[in-house]
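You will see two complexes here that share chain A, one where it goes with chain B and one where it goes with chain C.
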Partner chain A sequence: MNKTTNQDPVVVRNPTPSWRAILLCVLASMGSAAWAGTPLRVCYVDDRSGVAADTGIQSFNGFQIAVSEINDAGGINGQKVEVVSYDGKTDPQLTATFASRCAEDDGALAIVGGNPSAPAAAMIPVASEYEIPYLMLSAGTDNLTDMPAPFHFRVGPRNAQDAAAIAELIARQGFKRVALINNSLPFGTDSAHATEAALKTSGVPVVIQQTYDINATDLSPQIGRLRSANPDVIVVFPYAADGARVLRTLQQQGISLPRIVARSALLNTLRELAGDASDGVLVPNTVDMQRPDVKKFFDSYKTRFGEAQPTMYPVLGYDAAKMFLQAIADPAVQKALAADELADARVAIRDALIRNGNYQGLQGHAGATYQFGPDRHHGPPDQNWFVFVQVADKGKHLVAADLATFKPGS
Partner chain B sequence: MEQIGVILLAGLTNGSVYGLVGLSISLIYGTNRVINFAQGEFVMLGVMSAILFMVTLHLPTWAAIGAILVVVVLAALVLELGVYQPLVRRGAAPLTIMIGTLAAAIIATGIALLIWGPLQLAVPNVFSLQALNLGPLMTNAQQLAIIGVFAGLLLLTWYLMYRTSFGLCIRATGVNPRIASLMGIRADRVVRFGFVFSALISGMVGILIGPLLGGQVGMGVTLTVKGFMAAILGGLGSPFAAAAGGVMIAVVEALVAGYGSSLYAEPIIFSLILAILFFRPYGLLGDFEAGRR
Partner chain C sequence: MKSLNTARSMLAGPALILLVGALVPLLLTSGFHLRLVTIICIYTILCTGFNLLYGYAGQISMGQQGFFALGAYAFTLLMSAGNWSFWSALPAALLICAGVALLIGIPLLRLRSHYLAMATLCFGLVFAGIASRWIEFTGGTAGMMVPSVKFSGHIVSRTELYYAILLIMVLVLVMQNFIVSTHMGRALMSLRGDETAAQSLGVNVTAWKLRIFILSSVLAGLAGIASAVVNRQVNPSFSEFPILVSILTIAVVGGLGTRYGALLGACVVVIAPQGLAAFGESETIIYGVCLLLFLMFMPHGLSGLIPKLFGRIRRKAASPAPGVVKAGEIKP
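Let's turn to the complex of A and B:
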């Protein structure tokens, strides 16, 4: 477990039962008015040291900003929110163990986390078994929130939504011959299939689809076949390092066609490794920097954690925390908390998340809201959610996409 | 024709990496009959040390390469003196020693995590990454260097093993360390040489593949698996067979990718390995090497 110790009001701890008992006795004997039953504790479980560490770290930073904001404002009904954080290292089994610990030992009211799909999926049975609300982040595998989803919700877009957004852009920009290239991991293959299906619906043919091994040092065979198919746009579904290799090989082979890279290009790593080979690439994102509230959030982020490019990952952590915090302020939740009924409080939080299902967060275009409901635990809607960004300055920055020049033959 | 050329070049490039890791695993196995599950971590150390010496400390390239090789040699000595020798002295079975090397790999990854953090990092290139035309084929100097180093190290290993008296000692120790000791061979020194030489090879692999794969502290496991597959396919115990196994795996991967989809490459390769092992349980060239001994 990683224990974060910082000077902000976010307390990260994992007290032993004996300490909790002592604390209870002391508070009870004092008859303190400050005592408000069940502590407001939330668990953050995500990969912060494995292959998807970029996403987990950024989301956790966003999450901490939201918790700090509420604690700085006096907490919820005078009670501060405590955070217990675990690093699941992209290991599904370890992640599930930590989720169980959150539910059983830590007495958390909810679990937030889950950027890579496999560990995110591993926490779903835990959430269902312990009946603890679980807000997963960018895990994109489509069926994760298919019903029944008794206690888990998804804050980030699913792969099919990325695919639909990419297909819609390709059709709108007038491309007629699409080449898809993806790694052989589930993210790559699922996304490519979803995009192929979405393009078919839009009436745009896929002229070639190539898959490569994530650890191959030479991707010339796949890129050579792409070139021979004579596409007018190339769409890549990679992880970070292999995505850079695809872009470098395209550059090396003198292929300067318009390129779209999946959300993995939002991560600094891919762009740093690709350098100028990533310039001009379009990336689907869910953060609109034209929105003042989004800009303000990234200013806060920069002040506290250093500069971050405007990507969905910090925002996902922030929005998930805000939704959870709004839910625990709900009267039904407060009543259960005052009665020290943890199980009832968790159920009430789940119900409050559904009741507040049209929450307006920082993802999407201005005015777009999440769409959680009794039969829909996947938040992002299909419309007004995606904002394409473009890579610039040798991969260093993400800027607003120049769609006027992103055309066939450009 | 051009397509097959591209595929074979890609296979040779990737195969050189797998082959070098397989050769490293096989070198240690050849001296003590233990599979070193920390072999990929030597590569990882090479990659991450390149970041330390070239990016953080801004050492000149050749000084950085020297420093990287010193780091991997020290790591090899720590593994040999801190894990292998204590377990051997206590009479541990080879399987126990293998688990010891696995534990060392996990510890090494943890230490690297503390030093370099969890993120995938860019590694400076020693050779140019600019496109280079070889007739109809296109590659770059870094990829050609991988093939060149592979060929050079194969030649060096062959010379060492078959043209020097020390090579004879290595082979004798591999066949039976006890009898080799009775013949006056310092088997412990031969084993130590195996660790150090294989770590040097892996460190060089790290320097060469870092700019292409990027550096991440968890990258060692996959490389160990590929190297192990190469060694099993070619014939464990023979460095050259392991190297050939690596090239074969990568060429099959490239053929499957070029004419089909990489999605099916691993199942096809594992089926192939299984089929070959049914008929040649010691690997493709295992018997040949056994005969040479």
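Let's turn to the complex of A and C:
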């Protein structure tokens, strides 16, 4: 069994090469999951080398900071927390297999992870089957936590909430002619439709909506049509690389209208590729840098992993870990752990997550709390959660949005 | 005597696989390991169809993942939305796969080589698009939950499910061996060699191409249904590139146009990521390098390696030890 203890206090257990046990069936028969007597174990399964690697890596870093904090303080009732991590590579089948490995072989108390929607969705049946709590992160597909959701919870906002926040900002800032442009993937189309519906409710007309293929290299036709519709604000729902192409094409065609780009602009990749074409863009975020606790967290992040822009991704990992660690300390969970009952401990953690449902984490405005409950496994509330940030310095930095100048005609 | 040998070659391998497979749950104590072995069986079913189509008949299809997803979605929709029983939904879903394969096969199979590959790839892409965007019908990116399989109130356990899928896989392998061992196999291999020459020898090229395309699509659909039942969920990722990449990797690693290449390749493709997880960030690079080495040094895959090894051992056993003189041989 490979066991690597880093210099930092987080114990990262490299998974055992149990494939040998499969090849040599006899050895495999000895490979039962022995949970008793081991440290408190939690699994982190996310994409850390696929298309959404930025989100997975940043969330894992945030997750490790929370675990380090608790281990530095002596653990929970003297027991250290051990992290087993797997890279799902954005492959839902592989991700689901790792999740079942967490539940069975690793004997984890909970699973955390899931930034892209498809792999996150693939872990839900595993969580339900093994009755293991699963905290998914920024997977935005709206119906992922629709009831029944026996053991899974969502820490990040859903796409419809992003759309509502964007629509509310547009209405508040006095825009009257909105242009929407989105890629043809589900994230793009779903978000554009949700925003259109939210704008309709607010009484703001959408003058044009354009869809492009994510791999299209020339976006001039779509941007040309946007210009012809004479909008006063442009909202973009892209992935990273195509989002940069949209912004560069807008710049090349001399369109300097106010622009809002969906949460994909929180990713460094989009802003690095777009360069100065991304400057001034507004992005919905859930991290308020005015909060001292948020500032402190990002200082700690910088010390350990290097500078990170204030985005939701590290915070999601941190908040999910904190909620899980708080649940472990619950007396009912401790009782089940003392009795060496893994299944009971998992159920007790699920119940504790619901009991502590109004947890105040680092997402949202000061005072806003998660809203988990027996009939609600989606944490972020609809109010006081989103904070808009603005891209600056040729895409390098995210700063507080200057809403006084983000007006029609600016 | 010849027919006895043929029967032995058709049944011996699958019988051994069934025997070993039947013992696996007794040796494994972890449900996770059982899940891995079940996934190996599913990939073997999927890739046996691809092997018959491409390995034996030489017709490249890049749309197998589309049929994999079609089978899974059809089965799930019939079970959950249509309230069909398992025994009705299973054959109906396979019939849907066969019908769609027939419909698209008639125009597409006029194409050859990379044109056929591109056309079938489009089918996979179209299906992925439909599965993602027809949200009211397919559940969109979140997909749909698959109800547990029940027989007279009894929910089929994971081990029972494994045995069922193992049995199906063995039957699929027997069917493949039967096809390969008979005139059907020779007809398919003649297509791979030269379609014009095959036609001049009396092989109905169009009919055989269509038959094998439908069969491979039905097998892909069957694997998709098994995957949906095991994962308890179906989502658009069933029709996306990771599945196609797995099929192609299994073909490279296991060996195309061989009887057990699909099984050997599936073992490697399913188990390797679990073993390589220990290498952390280097995992993807190591996996890629290993695949490259396979292509360079084992172009016929693991199936090509095994006869080589046996041949070497046999030659070694047959060659006389130094100084030993065979009967009738005069030592100078």
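To be clear about the criterion, the second predicted complex is superposed on the first by the 379 of 410 C-alpha atoms of A that agree within 3 Å, B and C clash if a C-alpha of one lies under 4 Å from a C-alpha of the other, contacts with A are read in each partner's own complex, and residues count from 1 in each chain.
In this section, contacts are C-beta pairs under 8 Å (C-beta built on N, C-alpha and C of every residue); 3 or more make two chains touch, one makes a residue touch a chain.
The structure presented is a predicted model; accordingly, all values stated were derived computationally and were not measured.
Visitor: Is A:147 in contact with chain B, with chain C, with both, or with neither (first, second, both, neither)?
Guide: In the superposed model, A:147 contacts neither chain B nor chain C.
Visitor: Specify the partner with more touching residues on chain A, choosing between chain B and chain C.
Guide: After superposition, C is the partner touching more of chain A.
Visitor: So, does A:104 touch the first partner chain B, the second partner chain C, both, or neither?
Guide: second
Visitor: Does the superposition put A:213 against chain B (first), chain C (second), both, or neither?
Guide: first
Visitor: Should A:49 be classified as contacting the first partner (chain B), the second (chain C), both, or neither?
Guide: A:49 contacts both chain B and chain C.
Visitor: Touching A:252, do we find chain B (first), chain C (second), both, or neither?
Guide: In the superposition, A:252 contacts chain B only.
Visitor: Based on the superposed arrangement, let me know which partner A:121 touches: chain B (first), chain C (second), both, or neither?
Guide: Touch partner of A:121: chain C, not chain B.
Visitor: Looking at A:189, would you say it contacts chain B, chain C, both, or neither? Reply first, second, both or neither.
Guide: Both partners, chain B and chain C.
Visitor: Hey, what residues of chain A end up touching chain B and chain C alike?
Guide: On chain A, the overlap between the chain B and chain C contacts is residues 48-49, 184, 189.
Visitor: Which of the residues in chain A end up touching chain C in this complex?
Guide: It is residues 2, 14-23, 25-26, 28-33, 48-49, 86-87, 89-94, 96-98, 100-101, 103-105, 117-119, 121-122, 124-125, 128-129, 141, 143-144, 184-187, 189-190 of chain A that touch chain C.
Visitor: Mind listing the chain B positions that touch chain A in their complex?
Guide: For this pair, the touching residues of chain B are 3, 6-7, 9-10, 13-14, 17, 113, 117-122, 129-131, 137-140, 143, 146, 209, 212-214, 216, 218, 222-223, 226, 253-254, 257-258, 261-263, 265-266.
Visitor: Looking at the complex, which residues from chain C come into contact with chain A?
Guide: 23-24, 27-33, 35-37, 39, 129, 132-133, 135, 139-143, 145, 227, 231-233, 235-237, 240, 242-243, 246, 267, 271-275, 277-278, 280-281, 283-284
Visitor: Of all residues in chain A, which touch chain B in the complex?
Guide: 48-51, 53-54, 57, 184, 189, 210-213, 215-222, 224-225, 240-241, 244-245, 248, 252-254, 269, 272-273
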